[in-house]
Amino acid sequence: MTETSIKDFEAAIAELESIVKKLEEGDLALERSLALYERGVELSRFCHARLEDAERRIEMLNERGQLKPAPPSLTDD
Amino acid sequence: MGPPAPIPTRRVLTVTELTVRVRDLLETEFIEIWVEGELSNCRVWNTGHLYFTLKDSAAQVRAVIFRSALRYLKFKPTDGLRVVARGRLSVYEPKGEYQLVCEHMEPHGLGARQLAFDQLKKRLQEEGLFDASRKRPLPVLPRKIGIVTSLDGAALRDIIQILRRRYANAHLVIQPTRVQGEGAAAEIARGIRAIGRVPHVDVVIVGRGGGSIEDLWAFNEEIVARAIAESPAPVISAVGHETDVTMADFVADLRAPTPSAAAELVVTAKDEFIGRIDSLRDRIGAAVGARVQSRSQRVHAVSGRPALAGFPGRVAMRGRHADELTHALSRLTRAALGTRERRLQLLRRQLDGFDAGRRLAVIRTRLVSGEGLLAGAIARRRLQASAQLGTVAGRLDALSPLAVLGRGYAVCWTGDRTRVVRAASEVSAGEAIRVTLSRGEIEAKVSRTE
Amino acid sequence: MTETSIKDFEAAIAELESIVKKLEEGDLALERSLALYERGVELSRFCHARLEDAERRIEMLNERGQLKPAPPSLTDD
Amino acid sequence: MTETSIKDFEAAIAELESIVKKLEEGDLALERSLALYERGVELSRFCHARLEDAERRIEMLNERGQLKPAPPSLTDD
Amino acid sequence: MTETSIKDFEAAIAELESIVKKLEEGDLALERSLALYERGVELSRFCHARLEDAERRIEMLNERGQLKPAPPSLTDD
Amino acid sequence: MTETSIKDFEAAIAELESIVKKLEEGDLALERSLALYERGVELSRFCHARLEDAERRIEMLNERGQLKPAPPSLTDD
Amino acid sequence: MTETSIKDFEAAIAELESIVKKLEEGDLALERSLALYERGVELSRFCHARLEDAERRIEMLNERGQLKPAPPSLTDD
């Protein structure tokens, strides 16, 4: 897997979307689509990790500071 | 009021010239003068201007105050009232009269102080002490609130009450001072400076309750104004009521019409603070939450797109395609081989159907038959020949002229065997003869004839 | 969390307001908005602390410039 | 066996398809069809090797970190 | 036996067919038919040898790298 | 014995048969019949020699390589 | 004895028959009949010799070439 660095969440999601688009457009060689898939999985994991991290941080702050709980829509998922 | 310029001698002027020169002189020389006197002949014309005469025990001068200035007077001019008027001199040429064009007028008694006030105000203004740029914003939440005022009077109580109500744990530092009377200004100024030295005093209220202009006068003193200007913390002036504007008000960072108003300006209610902070906090929470959620949805949406989530399945489908092709390859090749095998097999059977041995046997039969016929034919031919010969040979045997010899006859030949000797005379003695017997011949010699 | 010093309540409120504005205007990178959020929480706590911080006290300066508690007549309201 | 290089999976599949087509059309000399078969086997192995490689890579990715399925609420729409 | 060279399987089969036809039509001189028969046998052997060779090659290929049998679902149709 | 050349087996058989016919029709001089007979024998010997030769050749073909029966798998279908 | 040459078996048989006929008609001088008779014997011998010669030749051919005697069925007709 090409372990190209991922700049940040936005770069990751943008790249992920472009990868999905490419994959959806189809007509890629197996090798190429595999590479894209691998990169896509990597990016998706990165994004998930970042989101979890973000949620954890938000939650931590809320716990520490007795701030209002985040709206249900955020905690439910 | 300086002396008029000396008129040159022997220079004869027309009245008009004189009047003009007087006018010019008066109008340039007496631009802003203060005149004290008693009002008389006060009369408002229908233009709205007030015409009156100012007089004292020895002299009088005509005067006018235009409607525009009249409006701003803090009192109503009436005959007999002693006033101090500010204005300039002008000349009414047709009558050769000069008159005072009044710009401002105060009841007498305030005049000197007012003059000092105005002069101070002008000076301080020129120094820039009133500049808007000097005005400091009030602290949003002062750690300590300085109050410079009298311990007596309602002002302090009002301030404390309001501050406590708005912000229960407000920390107040009070500098008690006298606020009127001799020395009050110095005390106030000192108080402002003393408060300024107390740490964490972030705002100072300087003021007192309402009173007469004389009562408020300490706040017009320069010393107070300068103390306010020099205060390290922003100062709110709260002197008297709304209509009284003091020097302190000009210099202060903020002017409050009353001490109570000043207290309200100093600190926002704590509840409002908390509400505001919590609202801000909620807003950032909501904003960041929404952002995270939208991101999360985006990530999930894109991660869940079939192109990505279904990728392994598609690879497997490719595998199936490859398998199908491989199978087709194998099947077709085997079929091709099978077709050939069957064709070859058919040909083989057909070739085997050509029985070379049988063919040979047929041929051999034909040959043998031919051979047999040949042998038979030649044998028959031989037999035929033999029979032919037998028959004729038998007949010949039967016809043999020598057959009688068997019975004992003999045939006598001449010696050369050409002639049969039928008579003895045919031969002579000594002559050779041949005798044919039944079996064999004899060669003999005639010994004698008979 | 970047523990940038907070000058005072005013600065805190001002920064908090600017953070709200930034966050609400949107289009920030996740990391950046998280950092802002954390900073915002920090600021809000600071503000709360500051609000509770002040002692309920009334002091008086005497003639020698010394601070003394105010007489009960003033504090008993 | 002619060891002509195979560019990639797609090229291999395409060639394999063309071989199958030729074989289906029939009328080939035995030698020729054998040669095609051999080439076909070679291509098929190449493809299978590539696919196995791909599947291994995918499996490896999945082992490394389950690619989270989207929560129902998100996938349903 | 006349050892005329045989070009390939197809040529052999074609010649074999023509020989079988001639032989079946009969009326050939013994010599001629014998010669044809011999040639036929030769051709038939050649063809068999080729087919065996082909089968051996196929088998060898299959052994070398197990050519995956098609899944049941594919072979059933 | 007149050693007239013999063209081939078929000619030989034909001549033999014509000889037999002549002989059977009779009326030939003995000498002539004998001569024909001798010719017939010669022809017969020629034919035998050819036949033997042919048989040997056939036998040889059969011995050299049993014309294999086709494998069941291919012949059965 | 006039040693007139004898052409062949058939001529000999013919002359012999004519001699026999002459002899049977009789009335011949002894010498003439003797001469005829002797000529007949000569001819007969000639014929015998020819026959023997033929037999020998046939036998010789048969011995040499194993020419089978024709089967009875063939000789009977």
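Each chain carries a letter (A, B, C, D, E, F and G) given by its place in the written order, and its residues are counted from 1.
Definition applied: contacts are C-beta pairs under 8 Å (C-beta built on N, C-alpha and C of every residue); 3 or more make two chains touch, one makes a residue touch a chain.
What you see is a predicted model, and the numbers here were worked out from it, not measured in a lab.
**Student:** Stepping chain to touching chain, what's the minimum from chain C to chain D?
**Tutor:** Minimal hop count between chain C and chain D: 2.
**Student:** Which neighbours does chain B have in common with chain G?
**Tutor:** F
**Student:** So which chain ends up closest to the centre of the protein, judged by Cα positions averaged per chain?
**Tutor:** Of the chains present, the most centrally placed is D.
**Student:** Looking at CA centres, what chain is most distant from chain E?
**Tutor:** C
**Student:** Looking only at C-beta pairs that count as contacts, which pair of chains has more of them, B-D or A-D?
**Tutor:** B-D
**Student:** Among the chains, which one keeps its Cα centre farthest from the Cα centre of chain G?
**Tutor:** C
**Student:** How big is the gap, in whole Å, between where the Cα atoms of chain F centre and where those of chain G centre?
**Tutor:** Computed from C-alpha means, the inter-chain centre distance equals 35 Å.
**Student:** Taking each chain's centre as its mean C-alpha position, how far apart are chain B and chain F in Å?
**Tutor:** Roughly 104 Å separates the two chain centres.
**Student:** Between chain A and chain E, what is the separation of their C-alpha centroids in Å?
**Tutor:** 65
**Student:** Do you know which chain B residues sit against two or more other chains?
**Tutor:** Expected reply: 281, 285, 288, 292, 295, 303, 308, 311, 315, 318, 326, 333, 337, 340-341, 344, 348, 351, 356, 360, 363, 371, 373-374, 378, 382, 385.
**Student:** Which residue numbers or ranges of chain A touch two or more of the other chains?
**Tutor:** Residue numbers touching two or more other chains: 9, 30, 34, 37, 41, 44, 48, 51, 54, 58, 67, 77.
**Student:** Which pairs of chains touch each other in this structure?
**Tutor:** A-B, A-C, A-D, B-C, B-D, B-E, B-F, B-G, D-E, E-F, F-G
**Student:** For chain G, which residues are in contact with chain F within the complex?
**Tutor:** Residues of chain G touching chain F: 8-10, 50-51, 54, 57-58, 61, 65, 67.
**Student:** Would you pull the chain B residues touching chain D in the complex into a rising list?
**Tutor:** 297, 300-301, 303-304, 308-309, 311-312, 315-316, 318-319, 321-322, 325-326, 328-329, 332-333, 336-337, 340
**Student:** Going by the contact rule set out above, which residues of chain E touch chain B in the complex?
**Tutor:** Residue list for chain E touching chain B: 9, 13, 16-17, 19-20, 23-24, 30, 33-34, 37, 40-41, 44, 47-48, 51, 54-55, 58, 67-71, 74-75.
**Student:** In their complex, what parts of chain B are in touch with chain C?
**Tutor:** 139-141, 143, 151, 156-157, 160-161, 164, 167-176, 191, 194-195, 197-198, 270, 273-274, 276-278, 280-281, 283-285, 287-288, 291-292, 295
**Student:** Once bound in the complex, which stretches of chain A touch chain D?
**Tutor:** 1, 29-31, 34, 37-38, 41, 44-45, 48, 77
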